[in-house]
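This structure is in structure tokens; I'll ask about it shortly.
The first chain written gets the first letter, and so on, giving A, B and C; residue counts start at 1 in each chain.
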Amino acid sequence: MTAAEPARDSAPAPSAVADFRAQARWQWYEPLFWLGAIAWYFLLPTYLPLGTQILATALFALSLDLILGYGGIVSLGHTTFFGVGAYTAGLLARYGWQEPISCLVAAGLLAAFAGWICSFVIVRVQGIALLLVTLGINLVLYEAANKAYKITGGADGLQGIEFSPLLGMFHFDMLGRTAYLYTLIVVFLVFLVARRIVYSPFGLALRGMRENWKRMPALGAGLRRHGALIFVLSAAIAGIAGALLAESVQFVALDSLAVQRSVDVLTMLIVGGTGVLYGSFVGAVVYMVARDQLADLNPAYWYFWIGLMLVLVVLFTRNGVVGALADSAAWVQRKRGRGPAP
Amino acid sequence: MTGVALATRGLYKSFGALRVTQDVNFTLPAGARHALIGPNGAGKTTFINLLTGALPPDAGTIELDGVDITGLPPDRRVKRGLARTYQINTLFPDLTPLEAVTLVMCERHGVSRQWLRPLARSRAIIEEAYALLVQLGIGDFAHRQTRHLAYGHQRVLEIALALATRPHVLLLDEPAAGVPAQESGMLYEVISGLPKDIAVLFIEHDMDLVFRFASRITVLVSGKTLREGPPAAIAEDAEVRAVYLGTPVHD
Amino acid sequence: MPPIVIGIVQVLFDGVAFGMLLFVMSVGLSITLGMMRFANLAHGSFAMLGGYTTTTLMRHAGWSFLATLPVSFVLIAAVSVVLERVLYRRMYQAKELDQVLLTVGIIYMSIAGAAYVWGPEPQAISLPDYLTVYRTVGWFSFSTYGALLLAVGTVLTLAIFFGLERTRFGAMIRAAVDDRRVALGVGIDVNRVFTITFAVGSGLAGLGGALGINALGLDPSFPIEYLVFFLIVVSIGGTAGSVKGALAAALLLGLSDTAGKYYIPQTGAFIIYVVMLLVMLWRPNGLFGRA
């Protein structure tokens, strides 16, 4: 342990970089996952609208994962940005701009701007105050959209919006084929960006914020600027998710701004697993397929099971479904006696 | 770099009715090895918190290299070369030492907000991080999650994180706290092997270590500077012996 | 009297009554939060359960309204102790997120459970005649129900302050809120103090939920609807368990909500949310919080 001692092994230095390369490498299950999403299109043609909703919602959950799972910032009002995106696309279409891709971009930009504004408030507070502030922003926006019914349609939602064919060629058909493929492609592209964020220097800084918020400033990290950046990025993604949903169902419900949705998406993420990229997708699939299958159930009772699921996840799993899968995979490996060194 | 690295003037801090820092005037010359001692609850950690900006002082000023930094937020002080460690490990449990030190180096090199470039491409930074861990003797554990490291290695990592900011003033809050006696000596070898242009202020309860490694000592009692001087003078001082050395350290 | 004065007095009367009710309901949350740093978002579920206890006793057992109130208090206190022992206790050291998720889970289960047992529709109770009349004093007329809220709220508030400031147990609570470790150090059984405080606080929530049925409304969405109110009281009052702060915040909230509904009904809850955001921006640790 002597500092005077010269750096004895300079040879393993390349292995240091290899650590980070290995992290960012594609895993075997990743192509499978996306192939599965393509297979859905061919195998479940009657469930395309559900698939589209799952994809858009998963993207929304992914945006929350970036701030919560990676950055460690708990938000009870993330649907603020989802709603801003949905209403941006919806209002643009309603007032004559119906080209879907530019609507998507506009939604992302406006949501990012909203995220930037909110970040000023959010990075100042922690704990209960943070919960309250995120919740408060959400509530204010919900009330505003509700009251401004002349523009937003209030509680009836934004109805009768239409988008022009994609690239001027593909109509949004009744069966939802165009919508599904369009959503899948956009979600995949945005996922690639999120994946890059996670394995970038900023991704490491985010994990540092999650692991030890207090230590970061003592190491020279400007938490406010970090917070502002992650909120901009996350809000942009949430906004794109909102716009995708608005475009594929040609409708914006006031619900897209409801606190309930913020809690729903939080639930999905937790059930899926935080900080593991695919947790949001797994969570969205589990949650929405279950809800679809139990649709006959009174929605009031549905929430009993959701609540129970939350309690069980918190008490018994380390990190949702993905965490449980990883744990059991590790267990199987240990059983076979060729587990990784501890 | 010669002259004064860090100085405080008339520093005060109270928690409610409890006065924890009272009129502390302190000077740390560049390159010094300075020990801060005092009984439990004397206000040593609080003094460091004031220096780093973790707590705002009630009155007084703090100067780093002759520049008033009293109003600067903690991260800006770090950028000016002031770093610290914690009495109780304040690490990143799920990160590996390599990741943690790389994180700090990314901050220092101003690339920490690059969000589209893969981290693996910052080869020079990562290798610098690894070299620091090797230099401090924990290179073999660089790839293991911090939570799984032995406690002694975690203490070294505390210092590694601070060093990764390239400080020229380093504040160590009981670096050997909780480390068995034979290892704490080695830890201090690491500290004394630090480049001579880094001024080090360390808090330490073990008097052997203090007298072995400090060139100057400040004794803090109830938030006030009781004495300051070279080790020999402090060891001889009757009052210091009475309030501090004479009475057993109530740990 | 000019109508404007009458209006102001009316708002003051209703607002203070509402504020007192809010304080009684949320003071337990404020103290337990300060003591254990545990964010029990499901506090409103206790209040709701108190309300349903009262409606059930009145409908199916023919009890009188006032007689049901103590039962609500005791029952909810008992239920909360069970919950604390079984679930909450293991979460005190947990991450904040886990506390949020667990208590949100409980909110959901209580909402669904209430809908299952009592149905989704709002509950109304027929108050006894002497609580439905209006009295007039000089030029000012008020409902006896409002007067009851005000009276019970005032008595309970005084009792809470007396209990906290003047009794030995209150001193133990204050010590534990101030610094748990120091309290443990001087031999206070913080866990027991906490359990009792938690039970009384939850019981008060249940009592408030029962007492306020005709003012607050009662249906399965109650825990979510009033969650924001409770959070506002504890966070604006200061999340370090400041009881005076909680009282001030509750009165402020009661008054501004009542005034808003009276003078600018079309804005709804908007004003409250905006004011709350501004306060949080200005003083993130609450108006009366410690830094």
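The criterion applied here is as follows: contacts are C-beta pairs under 8 Å (C-beta built on N, C-alpha and C of every residue); 3 or more make two chains touch, one makes a residue touch a chain.
Since the model is a prediction, treat every value here as computed from it, not as a measurement.
Q: Chain with the smallest distance from its CA centroid to the overall CA centroid?
A: Central chain is A.
Q: Select, from A-C and A-B, the pair of chains that is joined by more C-beta pairs in contact.
A: A-B
Q: As a quick test, compute the distance in whole Å between the mean CA positions of subunit B and subunit C.
A: Between these chains, centre-to-centre, one finds 46 Å.
Q: Using mean CA coordinates as chain centres, what's the gap between subunit A and subunit C in Å?
A: Between these chains, centre-to-centre, one finds 34 Å.
Q: Distance from the CA centroid of subunit A to that of subunit B, rounded to the nearest Å?
A: Distance between chain centres: 40 Å.
Q: If I count partner chains per residue in subunit C, which residues reach a count of at least 2?
A: Counting only residues that touch two or more other chains, subunit C contributes none.
Q: Please set out, as single numbers or ranges, the residues of subunit A touching at least two other chains.
A: Not one residue of subunit A touches more than one other chain, so the list is empty.
Q: In the complex, go through subunit C and note every residue touching subunit A.
A: Its residues touching subunit A are 33, 39, 87, 90-91, 94, 96-98, 100-102, 104-113, 115-116, 120, 220, 224, 228, 231-232, 234-235, 239, 266-270, 273-274, 276-277, 280-281, 284-286.
Q: In the complex of these two chains, what residues of subunit B are touching subunit A?
A: 52, 54, 73-75, 78-79, 83-84, 86, 90-96, 98-100, 102-104, 106-108, 111-120, 122-123, 126-127, 129-131, 134-137, 139, 142-143, 148, 156, 161-162, 164-165, 186-187, 189-190, 193-194
Q: Quick check on the complex: what are the subunit A residues that touch subunit C?
A: It comes out as residues 68, 74, 76, 121, 124-125, 127-129, 131-133, 135-137, 139-140, 143-144, 146-147, 259-260, 263, 266-267, 270, 298, 300-311, 313-315.
Q: Report the residues of subunit A in contact with subunit B in the complex, numbered from low to high.
A: On the subunit A side, the touching residues are 1-5, 7-10, 12-13, 16-17, 19-21, 24, 193, 196-197, 199-205, 207-208, 211-212, 214-223, 225-226, 229, 233, 342.
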